[in-house]
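I've put the structures underneath this note.
Shared between the two complexes below is chain A, which pairs with chain B and chain C, respectively.
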Partner chain A sequence: MSATAETAATAPARPAGGSRLDRVPPRVLSSAVGIAVLLLWELLARTVYAGSYRLSPPTAVVVEFFEFRGLYLRNLWHSTKTAAWGFLWGNLAAMALAVASTLVPWLRRSIGAVVLTVFCLPFIAIAPILRLITGPGNATPIALSALAVVFTTYVAALLGFDLAPGSALDVVRSYGRGRLTAFRSVRVRASVPALFAGLQIAAPAAFLGAVVGEFTGAHRGLGILTVRALGALQTDRIWVIAVMATIVATGGYLAIGALGRYLCPWSPALDVGAVPVPHAEPGLLNRLAGLLAPIAVVFVFWYAFLWVFGIEPFFAKTPVDVWAELFSVSEAPETRSIIFGALGTTLWTTSLGYVVGLVGALASALVFILVPWLERALMPIAVALRSIPIIVTTPVIILFVGRGLLTTTAIVAVMSFFPTLVNCYTAMTRTPEGILDVLRSYDATSTANVRNAYLPTSVPALLASARIAVPTSLLGATVAEWLATGDGIGAVMVTAFTRNDFKILWVSVAVLTIVAVIGYWLVAAFELRTLERMAPGISR
Partner chain B sequence: MARRGAPVDVVGVGRTFALAGDEVTALSGFDMHVPAGGFIALIGPSGCGKSTALRLVAGLDTPDEGTIDMDGSSPDEMRRGQRIGVAFQDPSLLPWRTVTTNIRLALELVGRRHDTKAVDELVELVGLQGFEKARPSQLSGGMRQRVAIARSLVTKPDLLLLDEPFGALDALTRQQLNDELQRIWTARGTTTILVTHSIPEAVYVADEVLVMSPRPGSVVARHTIGFERPRTRELLLTDRFHAEVEAVSASLHRSEGQVVQLDTDPS
Partner chain C sequence: MTANQFSRRTFLGGTAAGAGLLLGGSSLITACSGSTEPPPAAPLTPVNFHLSWFDSVQFGGSYLADANGHYAGQGLDVTLVPGGPGVSPDTSVIAGQSIMGISAANFAGQAKADGAPIKIVGVAMQRNPFVIASLTSNPINEPKDLEGRRLGMAFNNQLDLELLSSLNGVDVNAIEVIQADYDPAPLVNGEVDSLLCWLVDLPVAMTVAGIDNTTMLFADFGYAVHSQTYIVTEDTLANRRDDVLALLRGEILGWQDHKADPDTSAQVTVDRFPDAGMDLETETVKAHEFVKLMFSDVTDASGFLWWTDQSVADNIRVLKALGVNVTEDFWDRSLLEEIYAGGPVL
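Right, the complex of A and B next:
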């Protein structure tokens, strides 16, 4: 550790002889870093990567935008409109489900399972399926955009309703009023801050859903523009789209954050990423019911979906059909080997990126805690990058890294890195001052501070981020494979899509969803156990 | 009696905090002299800067004016020499550690992690036998404070800083711990500064009671407590003890510039 780190870590209250950089205002520092990055980027693109399609210099991106601004703004407007509709419908649905879960407690588990399943769907592959129902229009991107926001908003709203102070609820009850009154008079108000935290995350997510929906075929929008540009290796164009998408998504994130702060300035920022997992009910029977009921509900929804939309049997596959495709029809062994072989590749590259992302995030958070000037220079950038839908920038990464297996790993790593970094760092900064004072009073080393304070306090945030990152990593991986790499289950799906092979498409969607749900629950179980071990009684 | 402790000289110390665009002067012209191995009690109205003063002496904060000297060392040097033990208002235990390992934390930090005997002794001293494996969340508020006290004592510091460490304890346990504190102090000769809101407690354990004014805090009265040691509970019932308590009480109320009901309950 450098001398700077030492001083900063042991006495952040008043750094006596800290680095001179500690006195530079944060805005100046992060602007300087931003400008340096832009210059370096320009330089690299003009020298090392000159003549290749890997990297566009920032100036070329700006020139490209102004040259074709009509085209860009038209498509941007289209995608933004799509995302706005998806945002509206998805959030309405999520809130309705959250209200139902709060008013009818025994529904909570099943609704939760459906919402989680939706979160775990490989969006890129369900676009073709949805298009069967909606036709070639704009409805599929809107539907995907809506599905993309359901989980976070549902979780945030539920958290908000549950945050209602128990004493206030007791008051309502003591007047002999029921759940509905309690809900109207106490819970709705109490939920506002958490709800806004959820809506804030939902804004970029809606944009992501819209663009992913457009990836698989639309007449207009940034998604289809990207796919065409990727095919023609138009690097400048891909960069313009990524930058525009980033600006709009981040703008939505910031605007909703500002609105939330304006409407309820008293509330501290709430992090929906760190939402706790529900406790398992005690007793084997309860546990079994808790496991089977949600699965049953998901199947009911599956059948209901096919029935309501009256999809033709050629396209529509029920759970029984999927099972038969995998295990009983004559081509089943062949299907199995295709699907599970590709799944193996996907899981391998994804897990690698997932672990690299999480470990890198934790390590960076620790560095930021120990070297404050670095934190002040880089954290604003990390926070901004965290809010953008990384998937939208996948094509940029594809061009830069190439089209190999490493691309998937890189995209997954980047996707899990930023949210985890921000969550872990925030948790570390909330280490109680008293504990740090005790450590300081014994002149604890940076290592001792990390081991005894920063690392343990960030564990809940790390595990929560790791849990949320399971489905998002699989989503990122399948998008990368679909668009570029030609490996893994994403490639199997895109082949099936181009051949109109709906059997393989349904089987892949089902298998991927199950894998994501299982992964999510494995991490959740590990999370519960770890927290219960670390600090029994206070974990929940 | 062995006098291992360091003398503490605080002269003309001031500390001002920036608070939401405003300034709060917590301490101004604060003087305090603690002889080596002395036992000082600090008493004063809430918010008068007692905790601030203690943090300055612990080297956790630096004064804006004035000096703090400990036998030629600055607080920061004392802190770096790992010669200080602190127990603050908030016990600040590590939630993921047990009673034993929380106490051991201090030993680990000073590089003596294997001194299990010291830990066992202190667990017994603060009356937590049977709870060695419990986590802070499974303890009562008073039990947590006792763990923090044990942690502050386990490294055998030269300077012991206690900020209302007995706040959440019942009268009986509090009295017991005061007796134990006195015993340890007598045996080790550790220089001790105790912040407390209880006048009888201050008079019972300290050599000298310093009364502080409301913010900006400074010392407005000194009461030397001459009772012979070891002090026992019989002392609590004597007239001279009550007279001393009344005297400190009177200075405290004079310092606040108002008359409130006397709190002379010997708890």
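Right, the complex of A and C next:
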């Protein structure tokens, strides 16, 4: 949503009139809001939360940083370096896969299924398994960081290649040149805006992967420093780390957006959220094959993974083992009740947070479009907040919500709220001026504008965000269950792992991944149907 | 002798001048411990030793063994691999990435019961370091005090709490459990009345911060689970017994140095990991606490890492109550018997 800044400046789709505050430059407004937040933060920390080992005042955070700046900068450098390597490898892999999917269309479904499955794998459970393969060193954090970015970049690159103008492709074809030439001369150029939007999302994701990776054993890094500081009552230190991580993640997000605009100034940046889902092939048999082939590919990968890395049978569980654990061994009923009981808790808290996040985001986007000065003041903050790694947000949410089941809901809501808000708002600003003109000529009220113009234009963005939010919500939920609540399937996985119970671990991973993939496809199917009904031209 | 080994090691490894300085400072202790290992004739054998947590004075003896040249003196080039909340040393040992790892009898026992071919060859903490920590103004002195109170703990300690309760006739359902992990703040802020944690961890942080606290050691109430246990695979025992013996000897020499001078051990730990931001005062308090947990009449009589047959019987009984079924052959004391043939001090 780097587009926000430009669209905000020119925004043709705004209702006329409004507050006097609309004339205040956006920079002044958001600075004012920023200063107000800092003052309130300082005040709360010095009064309500004084001596509570929870909230450090901003002034103390600054003092702490300068006192130990060498320590902080070394750890920040280490984590950033890890994230940068993961970012590089993960994005290269994603782009290679996107190229393969574009050049060899029949591979597309299978590659997509594998990449989606990898994205749905619960991080906290695969970290120890990766550690088993790579051994000591920095390879596990880098690998986790790479895995965290593959899916979104793959989707973004694919969208970019697909967005190549048909006329340009026709020209290449009319010269009798093949797919490869079309790819080189047309698709690569066309992909730049979408690709950079994907890379923007990848920056904070890579950071999260690096920090979770540090939990599997390292000498330094921000994740380790956080755990140490928590145990030692060093509240100022926790807040310094949170602030540093926010600045770096937001900086990465903005820098990549700027680079994208520099490389491709002629086109507004797009968001991955705008990806239309592919049409299903007609015919029951085709549909069935389209569904089964990717599943088969995932299972082949599962076996290949165990075989290639030569993982010991004690750790390595095959699909057959997982099935047996769930349905045929004597402890199966007990395993089922543990896994599905915990899964129920996770799904309940997650879906509540998911719905609250999406509905809240849509409502906020509407408020922003109707009250432009509010958008100018708050949107830059929303863009920044969107890129903060969840591991940093969690302690802050615990501060305000506590450690109950609601914590998971709150964390999931926050995770789905910000991306959806930014996507929906941007879509609303692109409401065709013609529609608004018609409404204006009828002297329509704001309510009518919302109902007839803004809501319908934001539907594709909302649905796309909702689809991407399925796996990220489950990721957020399991991290929250691990760090904060001790409930649900996240807790089952961590307990299984610390007790060396690899059977339960693999069963949980398999079940949760299947749930995430199914959730993703359900939303995708709903999205497809809705788009077909609303605007047959949009979905291809 | 020691200084000699030291420079030899420095030459071999090409260690930087800074590290040499650090090592030089601590060679004093080695001189006191009177070690008599011969200088290595062959090149050092590289091995990984997987610790159970992030770098900490909890492994102070191992850092001293490295700094004072005890590992090198045994012909080993030891890499001390850090642990963390997302990694289990048992897996590293079972997968053959580390020749030895530090675990606890309950975790390693679960792996053993599931068919992992591992054995315990040393026990650094015969007394389990789990405690219930509370504020002195609202103390928990015995398990019964937990009833009707709020307890903050990591969810994967539920079984341990149930066991402590059943051993002491406490109604576990009368304890209100709240998830809290690695963090004393909930207790200090009054969100809970007590915390389940390690004696040498959160209580020390509170003490250093000037908060009066009371601790109730699980080990004093029937919870007999060996902790900081050294584990190896059966395959390693059969084929690389000499390397394991050498590593254990190096460890024992390092921990003898730690016991002789915990303050220096804390200093060496803090200097070794400048990026960890450790506080010397806190680490010094911990270094002394670890001596209390790791050394006892048993180790005075038989040597560091030793355990008694009685404690094995207690462990088997308690582990069974935790749902972990192991037998005596999970413990193998033959290496320590060989090492301590000449007496309880090396």
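Just a few scattered comments:
The rule is short, and it goes like this: the second predicted complex is superposed on the first by the 504 of 540 C-alpha atoms of A that agree within 3 Å, B and C clash if a C-alpha of one lies under 4 Å from a C-alpha of the other, contacts with A are read in each partner's own complex, and residues count from 1 in each chain.
We adopt the following convention: a contact is a pair of C-beta atoms (placed from the backbone, for glycine too) under 8 Å apart; a residue touches a chain by one contact, two chains touch by 3 or more.
Keep in mind that this is a model prediction, so the values were computed, not measured.
Touch counts on chain A: comparing chain C and chain B, the chain ahead is C. Judged by the touch definition given at the top, the superposed model places A:27 against neither chain B nor chain C. In the superposed pair of complexes, A:448 makes contact with chain B only, with no contact to chain C. Contacts of A:435 after superposition on the shared chain: chain B is touched, whereas chain C is not.
Within the superposed three-chain model, A:233 lies in touch with chain C and out of touch with chain B [touch as defined at top]. The intersection of chain A residues touching chain B with those touching chain C, taken from the two complexes, is empty. For chain B in complex with chain A, the touching residues are 55, 58-62, 76, 79-82, 84-86, 88, 90-96, 105-106, 108-110, 135-138, 151, 155. Those residues of chain C lying in contact with chain A across their complex are 48, 50, 54-55, 79, 81-88, 90-92, 94-95, 97-98, 106-108, 110-111, 114-116, 154-156, 178-186, 188-189, 191, 201-202, 205-206, 209, 273-279, 282.
Within the complex, the chain A residues that touch chain C are 52-54, 68, 71, 74-75, 78, 124, 127-128, 131-132, 135-136, 212-220, 224-225, 227-233, 235, 237, 311-312, 314-315, 402-403, 483-487, 491, 494-495, 497-503. Within the complex formed with chain B, the chain A residues making contact are 11, 13-14, 16, 432, 434-435, 437-444, 448, 452-453, 456, 534-538.
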